[in-house]
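Two complexes, one shared chain (chain A), two partners (chain B, chain C).
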Partner chain A sequence: MESLVVLEAEVLGHFKNLPITNTLLASWIAMFILAVVSILATRKVQLIPSGLQSLFEIIVDFGYTTVEDLAGSKKAKAFFPIVMTFFLFILFSNWLGLMPGFATIKFEGEHFLRSMNSDLNMTLGLALTSAALTHAFAIYYLGIFGYLKKWFALNPVFLFVGLLELVGEVTKVLSLSLRLFGNIFAGEVALLAVSSIFAFVAPLPFYFLEIIVGFVQAAVFAMLTLVFMVLLSEKHAQEH
Partner chain B sequence: MEILHQFGVNPVLLIAQGVNFIILLFILKMFLYKPLLNVLEERKKRIAESLKNAEEIEKRLQETNEKIDVMIGKAAKEAQKIIDESRKEGVLYLEETKERAGRMAEEVIKKSKEAARAEALKIEQEVMSKMARIVAAGMEKVTGRILNNKTQREIIEKSIKNLS
Partner chain C sequence: MPANFVSGFTIAFGTIFPAIAIGLIGFKAMESIGRNPDAANKIMPPMLLGMAFAEAIAIYALVIAFIK
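And then the complex of A and B:
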């Protein structure tokens, strides 16, 4: 039996320079579904909510209060959409990856669809976006000098600390991306392994587990992004 | 960098995912966050407003109740006053009426006594004159003559004295 799982996402085709992988396709589907659902939810916004609107109101309200608690009401307006989008995007794509059809339908010898976050490209892309936005906010809130002061100082001790923190920034990106990738990829492998042993009923507990993991990882990614943003855009506690 | 290659990391795909995220961010911002946050804000405002209104209504109700209490108190006092006054007046009127009735009764009694006395006097006089005439007639028959006025009177008076 050939290797059960491949780390690399399978390429379905090319659009000019862009390789269309099955994970990229899955991310587009997740985006599409999210967009459609959100348009449906807010098509007729009512003061007395019902149906989809009330569900999303609960989610948005909870997300907004969480961001507000951590970041303060001023920065919450800027941070909230990003944090919430990370959460919803990752959550939807994780759960979408559990749908039937993923990793089963083949297209020209390759899997047609594959859970988005089981490809390091996708998670690394999200983590880099998160880091880029975080630093952009830091520059916006602190000014370019205040931002640079975080990393570089004339005091040799602080210079060293700053350099360490700079390395820490790289680690943040790696940990964010690898955590998400590892969890979802491992889940895929576990599901595949159990399904190949006995495809009926046996994978069910693992599916439940994956539902929870998918939610938790989305929440972790979003919360960490929020915390990084808050920390980085805060002024240094002691300034000389 | 070999490990990155093993994972199939491709800069183009990284950028593609970043673009994906940005697109999704704008879509969700436009269609999900903005309308929902607006409606949440509006609802919050409405609730605050209605709470304030309820408070005001409560306050006004209390004021009205107080006013009503004061009015009722005033009205009760006034009513008591009116009752007291009318009672006093009633007593006064009763006494007056009694007095007047008493006076009237006295007057009536007096008048009727007087009338009775007058009547009695008249009757007496009438009786006397009739009796005198009868006596005179009797005398005339007895004596056979008509006494003159003087003697007639004397005799009459004497006989009346004897009679009574």
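And then the complex of A and C:
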């Protein structure tokens, strides 16, 4: 199709043979802002919070009760930081991609900034990290033998099921990355297409849709990571 | 046949069943909220999760349509 937005991220420069793309730059900006806001909010933690700290307390409390409902209170302490980090990072970089300057500033003929999740490399990295952490938690909670027994059993029927589950793990990574990539990339193409037709009032409904989609996709990614972690670290249920 | 026909057909056929799926999920959610309005807050998060799963299939078709 006619490319308003190219599928690959544009390379801006190189840092000792490592290509720096515009999505990488956007991810650095998102990380930097998140880190600064978090440090500011937790600098002097007071018992009766005020301002930024209380806003973060609302967010953290809501997330922690959700995680605790799904995972049980013991595992929630381990799962919550990771799930919340995924949620905040993806949410923030999705919403950052709607800010002015993101498809307009040009640097040597290419866009200077591009929404982080509109690059399949970024979402694949996030999905692989999520899968690696899920398996690491499973090994931690089940022990190495309990973990291996999930995939390889002595009973041939269970062996077949276990191998299919192994294939299912690969598809989980693919579906996590492609879902996030597809949603954000399609949103970016839609915004650019509408803005190139008539840039003034027409993009507003699309911006509204993109705000909602950014939030929903971040929530879905975090919830799926949490559910996969809980499912994989469950002990094999006794059937008798 | 113009080259765009492939992309067009991909996205056209690929979103029929996800649309039906999302509609069915919403339908059942509405019905259960109607039977039990107090449970609306408990029904909505799983409904959104289910809709996101169903929509992901349509997104796969969209990615293929974009590549072609």
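Note that in this section the second predicted complex is superposed on the first by the 235 of 240 C-alpha atoms of A that agree within 3 Å, B and C clash if a C-alpha of one lies under 4 Å from a C-alpha of the other, contacts with A are read in each partner's own complex, and residues count from 1 in each chain.
What we mean here is this: contacts are C-beta pairs under 8 Å (C-beta built on N, C-alpha and C of every residue); 3 or more make two chains touch, one makes a residue touch a chain.
Nothing here was measured: the structure is a model prediction, and the numbers come from that model.
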So, after the overlay on chain A, do chain B and chain C clash or fit? They fit
- Quick one: classify A:F112 as touching chain B (first), chain C (second), both or neither. neither
Original post:
Is A:S38 contacted by the first partner chain B, the second partner chain C, both or neither?
Top reply: first
The answer to whether chain B or chain C touches more of chain A is B
Here the angle between the directions from the C-alpha centre of chain A to those of chain B and chain C, rounded in steps of 10 degrees, is 100
By the touch definition at the top of the document, which applies to A:S175: first (chain B), second (chain C), both, or neither? second
Open item on the list: With both complexes overlaid on chain A, does A:L7 touch chain B (first), chain C (second), both or neither?
Closed with: both
Practice problem: Pick one for A:V216: touches chain B only (first), chain C only (second), both, or neither. | Solution: second
Margin query: Applying the document's definition of touch, where does A:Y141 land relative to chain B and chain C: first, second, both, or neither?
Written below: neither
Practice problem: Kindly classify A:T21 by the partners it touches after superposition: chain B alone (first), chain C alone (second), both, or neither? | Solution: first
Once superposed, chain B sits from chain C at a minimum Cα distance (Å) of 8
After superposition on chain A, the chain A residues reached by both chain B and chain C are 7
Touching chain A in the complex, chain C uses residues 4, 7, 48-49, 52, 55-56, 59-60, 62-63, 65-68
Interface with chain C, chain A side, in the complex: residues 1, 7, 175, 178-179, 181-183, 185-186, 189, 216-217, 219-220, 223
So, in the complex, the side of chain A touching chain B is made of residues 7-9, 17-19, 21, 24, 27-28, 31, 34-35, 38-39, 41-42, 45-47, 49, 53, 56-57, 60-61, 64, 80-82, 84-86, 88-89, 119-122, 124-126, 128-129, 132
Residue set of chain B touching chain A in the complex reads 6-10, 12-18, 20-25, 27-29, 31-33, 35-40, 42-43, 46
